[in-house]
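Lettered A, B, C, D, E and F in written order, each chain numbered from 1.
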Amino acid sequence: MTWKEIEAERGEMIALIVSGSVEQHGPHLPTGTDLYIAMGMADRIASLPGAGDVAGRLVMLPPLFHTYAKESDGWRGTLNFDGNTLTLVVRDIIKGLFRQGIKKVVLLNGHLESYSFILEGIELAAEGRDDVRVMSVNWWDFIGDELISELFADRWPGWVAEHAALTETSIMLALYPDLVKADLADAGVIPKPLPYKIFPQPQEVRPPSGMYAPAEGASAEIGERLVSEVVKGLVPIIRERFN
Amino acid sequence: MTWKEIEAERGEMIALIVSGSVEQHGPHLPTGTDLYIAMGMADRIASLPGAGDVAGRLVMLPPLFHTYAKESDGWRGTLNFDGNTLTLVVRDIIKGLFRQGIKKVVLLNGHLESYSFILEGIELAAEGRDDVRVMSVNWWDFIGDELISELFADRWPGWVAEHAALTETSIMLALYPDLVKADLADAGVIPKPLPYKIFPQPQEVRPPSGMYAPAEGASAEIGERLVSEVVKGLVPIIRERFN
Amino acid sequence: MTWKEIEAERGEMIALIVSGSVEQHGPHLPTGTDLYIAMGMADRIASLPGAGDVAGRLVMLPPLFHTYAKESDGWRGTLNFDGNTLTLVVRDIIKGLFRQGIKKVVLLNGHLESYSFILEGIELAAEGRDDVRVMSVNWWDFIGDELISELFADRWPGWVAEHAALTETSIMLALYPDLVKADLADAGVIPKPLPYKIFPQPQEVRPPSGMYAPAEGASAEIGERLVSEVVKGLVPIIRERFN
Amino acid sequence: MTWKEIEAERGEMIALIVSGSVEQHGPHLPTGTDLYIAMGMADRIASLPGAGDVAGRLVMLPPLFHTYAKESDGWRGTLNFDGNTLTLVVRDIIKGLFRQGIKKVVLLNGHLESYSFILEGIELAAEGRDDVRVMSVNWWDFIGDELISELFADRWPGWVAEHAALTETSIMLALYPDLVKADLADAGVIPKPLPYKIFPQPQEVRPPSGMYAPAEGASAEIGERLVSEVVKGLVPIIRERFN
Amino acid sequence: MTWKEIEAERGEMIALIVSGSVEQHGPHLPTGTDLYIAMGMADRIASLPGAGDVAGRLVMLPPLFHTYAKESDGWRGTLNFDGNTLTLVVRDIIKGLFRQGIKKVVLLNGHLESYSFILEGIELAAEGRDDVRVMSVNWWDFIGDELISELFADRWPGWVAEHAALTETSIMLALYPDLVKADLADAGVIPKPLPYKIFPQPQEVRPPSGMYAPAEGASAEIGERLVSEVVKGLVPIIRERFN
Amino acid sequence: MTWKEIEAERGEMIALIVSGSVEQHGPHLPTGTDLYIAMGMADRIASLPGAGDVAGRLVMLPPLFHTYAKESDGWRGTLNFDGNTLTLVVRDIIKGLFRQGIKKVVLLNGHLESYSFILEGIELAAEGRDDVRVMSVNWWDFIGDELISELFADRWPGWVAEHAALTETSIMLALYPDLVKADLADAGVIPKPLPYKIFPQPQEVRPPSGMYAPAEGASAEIGERLVSEVVKGLVPIIRERFN
């Protein structure tokens, strides 16, 4: 878009910032998986029946590729900001939007580990202002336990283990099937997850494949159900909160 | 302790840093609840049968009272560091321990919201070193789903809502009953939790009492069970990891 | 790419980081123009005859969209980091690459104003190390005065005025013609550029269109010549410096 | 206290922040001595005849244990923030109090070396505001030369040498006698203090015991006199300044 | 000046901050050359016929000696701030002036490499204020191409190579001839300048003498012409912009 | 000096950094008084009989004009860094010297309030290194109590009140008599100094003249005695510590 097109929309415009990570996602998913998922979900809003009013106001800003993924730092291909750098990145972008009179912002996040640093960036930008509104969303918080039970039943490993596993593989199959090397999705040996963390991270607590749970049973159909659940949940909330 | 006493123990010493928050905890619990819980659990290690070898090596450092509790910033009595300040606080303390040749550190945390900033502080202190070992623990990660089911069954609101509610009230009743004003534990109206965040936080998404779930049914007995589960789980892991 | 594919290439791999800006570029060019140009040039390396050895080793990392473009902050659609944030962003990414054993890095930059902050990020990452090599390139520094004279003769306004003007419009016509709204390229009144800066920037020193010089005479042919000059100049230097 | 109790007092409330250090204090005093002294003095306000109006309004916040004690970094048991970290810690806490409408703050400090960093934290929090009032107190500045002469006469080594020596030992004997191992108070060889500093600190300029002057003659009676002088001086000033 | 003298002038006062570098300047010029040049030019304003009104309002503040000169870091005698330190230095000084009601500021800079960091310091100080005015000037931007052609014709190496070369040597001969060791001005072998940068800087891309172009033909007469061009250009602009 | 001259001396060279403040100093002394005093003392080393070996190795670096003088921020003419900025300034300069192999550094400071921030800058630069040596000196710490008694007897107000008063006025009369407007040295009403600080600083605690004690009796003779005491004390210590 040119700046004039952006200015033309300004009155009703809601800025949408999508964030992910550049991080190992097992042998079968691209390092940008978390971002692809968030972007794909954002794109689906436009094709949701009846979502035209929301889709028409959302303007997607350049995404945040690099975030905070230090747990994967030991695998090649992971890129990282320090936590404070990510906070400053978010703060600066949002403060800049406010300076331009763009005061409605949605952040749609696809990577858990960066969540707190993103929230702090919003806090620092919005502190002391009541003329702005910023919404922060993790897509998985829009997926109900019922759907998880229905889709995965006993195979569900819990969200914390859902890295390069059932949900991410399924959603990638639904949104970007060409980027999934499904035949390589071999989780191999997965160490039992620890209820604590150790620094430096010992080799033996890491799954050599990079997958934190098996992806067996992942499918595009499941992916569609998950994406649909998020998008259907998100649209009315955006409509309500940014009325 | 004097510095000579500390020096005398140095060879086998494991530094223990306990962190909580200064944050509203409903009408019935003190603002320091998260810290009291973590400290109380640490104290219990000494009285666990067979834990003498671990207890004997742990030296509890001055606790981190103030951390990151911005979600409660709208209630009186909450004190906050910026996220980066908390990260620097943790980094400086741990780096200082390393400078003194104290290379075994456990952080026992009682407040979820500060977790990522604490981890980043450890990362910054430990980066590039393989002669140190730092363990980071949230106490609730040591409580199994089975125990939760047994104790609370259908009344369980999920960990995210467990602020000033069932578990914290029970544990405080077990550890520091004098600090609990049980008769004031009226959760009142609790808005349905949102699967997203909005800044600035609207008044109507906050429970006026500060409790995120009811505390009915909380008891010292339940508290004892929870504390015991954590302490029993933690001791063998400290023993193993800092051998 | 998956992390395993990245690891497979690591021995000879040269990481390529492309940076631009999100900034007004007149009524006819998209706000991402500076990044599109740098990315397009990087893509052309693969199709340059005889450049296969260099192209085969370059791995393009996720680009830096947002950088430092405060001079355009008064127009809608410009996004900005503070200078230090940009420096930290560059520092963190490069330090992370070094941690993973990736020690050969090229930054290809398309936006002048962020240049010093990028260099400082490299300085901070590389300080005190002699086992790494980082090259920083502004594409316009590879265009000789002879070519400028041949292509533009008297119409040349100097590089400083080349914002949304002759060279950028031509290169976009060559690389991404669909993104150029050529019929809107009306520079309008352009205030005489000042040999100094004033803060806050007075309205009357800004060209209302956002173009710092006219784009008349821009063409895809000229764009091809410019892109070709850069790519032909860059490839042998990468080959030589990362041998 | 619960948040409701804090809110109830808010109108007249004066927040009191006590700071010390975690630092070697010779073979006979605990590493937390500086904080114990400041806390003990604060507690004494309540029992001072006629000080009820002041004591009733003071609410003691969680103390600052860790501060800036780099001069003692070479002894085991000293914990340190970087100077800027301490400044941010103070700034954040005070800004947070202001956000909650608590605009009257007293800092009572027990450790000289952190003083400038604390003042800067107050400066950063209070800059540009005239609706707040923050008072910063070092306890030793309330002890007059006359009392020093009376109590110590020729044995007075000057305040700079008063680390783990006469005044601190006496005050600890008065306030927390159980924490003093009086029989270990052997200053040993004390190098002549230098009128300058050298980095890194050479071994030979440090007193091996950690005491900067002898503690002989220290007594609980002297301690009582010192504490009383501070408390009697402080109360009317708080009353006057926060009227 | 005393503070009373400064206060007396405050109404019309324009604060003038001169910046340079402490950096190698070849075998014949002092390391402070960039600052000497900027200071000498500022002094000349007073003797320019008809400039009394401007000269009378300018108050020269203590200069910024140290700035950002990392390209010369490999030569002895170069002193450097990190980029962000320089930005904070400029921000703090200007914010302090604003606090004192001094809202008109001119920065006259003699060192290219620090320019972006200085601009960012001004941005951070002036952001969101429209009651202040800050002008930033590089002296070379006031020298027209015509004068360069007239003075140097074919010998002109371009501004980027003008380090310790023709213009700086000439200006120093005009302003501070005693500081120039003209007989040592031997540029020696000068590597062809690269259109890119490499970190760490390889030895072979640096001119051993520290001169980036020969100084042959430099003279006090040329220096006078250059100084005069800058001063004559600058005075009416200051008059106009700070009216 | 040129970089070659600096390099020639490097083997034995001791870098000398002089710091002061830009701060109101009463109606009779220039705002740069603290720096003038430190510089003047440094200059006197060369003329001290028998100090040639020390003077010959000291190379005076560009001074630190601006430092931390927030207590005087309410008077015109005071310039300030934030505390952390000053720390970074000192850290960067010293680290840069170390990078160039210059590992012997003396800081001679003339302004008390910036002392802690300067020490922290040295700490950050020297941390973890034992191949460097940095000495930090406040000139007043070299003046013995005996000399103070002899010169001032009962008129001595204590060092803390010695701002623009007896010692500074005397030393300026000895070193730079032309800069002293002795007839304006009227201290006027001086509020009783408070044993605590209040923010924001109330008007009534400040002496309207800017003098914290009277300067009556100041003389060049006294100034000479003070300067001589410092220089005679400092030279043998530099000789010993940097042997």
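One rule holds for everything that comes next: a contact is a pair of C-beta atoms (placed from the backbone, for glycine too) under 8 Å apart; a residue touches a chain by one contact, two chains touch by 3 or more.
Per UniProt, the chains are A, B, C, D, E, F = Creatininase family protein.
These numbers come from a predicted model, not from an experiment.
Engineer: Note the shortest touch-path length, in steps, from chain C to chain F.
Structural biologist: 2
Engineer: Looking at chain pairs E-F and D-F, which one is connected by more C-beta pairs in contact?
Structural biologist: Higher C-beta contact count between the two pairs: E-F.
Engineer: So what angle, to the nearest 5 degrees, turns chain C so that its CA atoms land on those of chain D?
Structural biologist: 180
Engineer: Can you give the whole-Å distance between the Cα centres of chain B and chain D?
Structural biologist: 28
Engineer: Where the centres are mean C-alpha positions, what is the separation of chain D from chain E, in Å?
Structural biologist: That pair's centroid distance is 48 Å.
Engineer: What is the distance in Å between the mean C-alpha positions of chain B and chain E?
Structural biologist: 55
Engineer: Counting only residues that touch at least two other chains, what does the list for chain D look like?
Structural biologist: Residues 82, 84.
Engineer: Which chains make up the ring, listed in order from chain B with chain D immediately after it?
Structural biologist: Moving around the ring in the direction of chain D from chain B, the order is B, D, F, E, C, A.
Engineer: Could you please specify the touching residues of chain C with respect to chain E in the complex?
Structural biologist: Interface residues on the chain C side: 68, 70, 82-84, 87, 113, 115-117, 119-120, 122-124, 126, 129-130, 132-138, 141-142, 195-200, 233, 237, 241.
Engineer: Touching residues of chain C toward chain A in the complex: what are they?
Structural biologist: Touch residues, chain C against chain A: 1-4, 6-7, 10, 22, 24-32, 61-63, 65-66, 73, 75-82, 84-85, 88-89, 92-93, 96-97, 99-102, 181, 184, 210.
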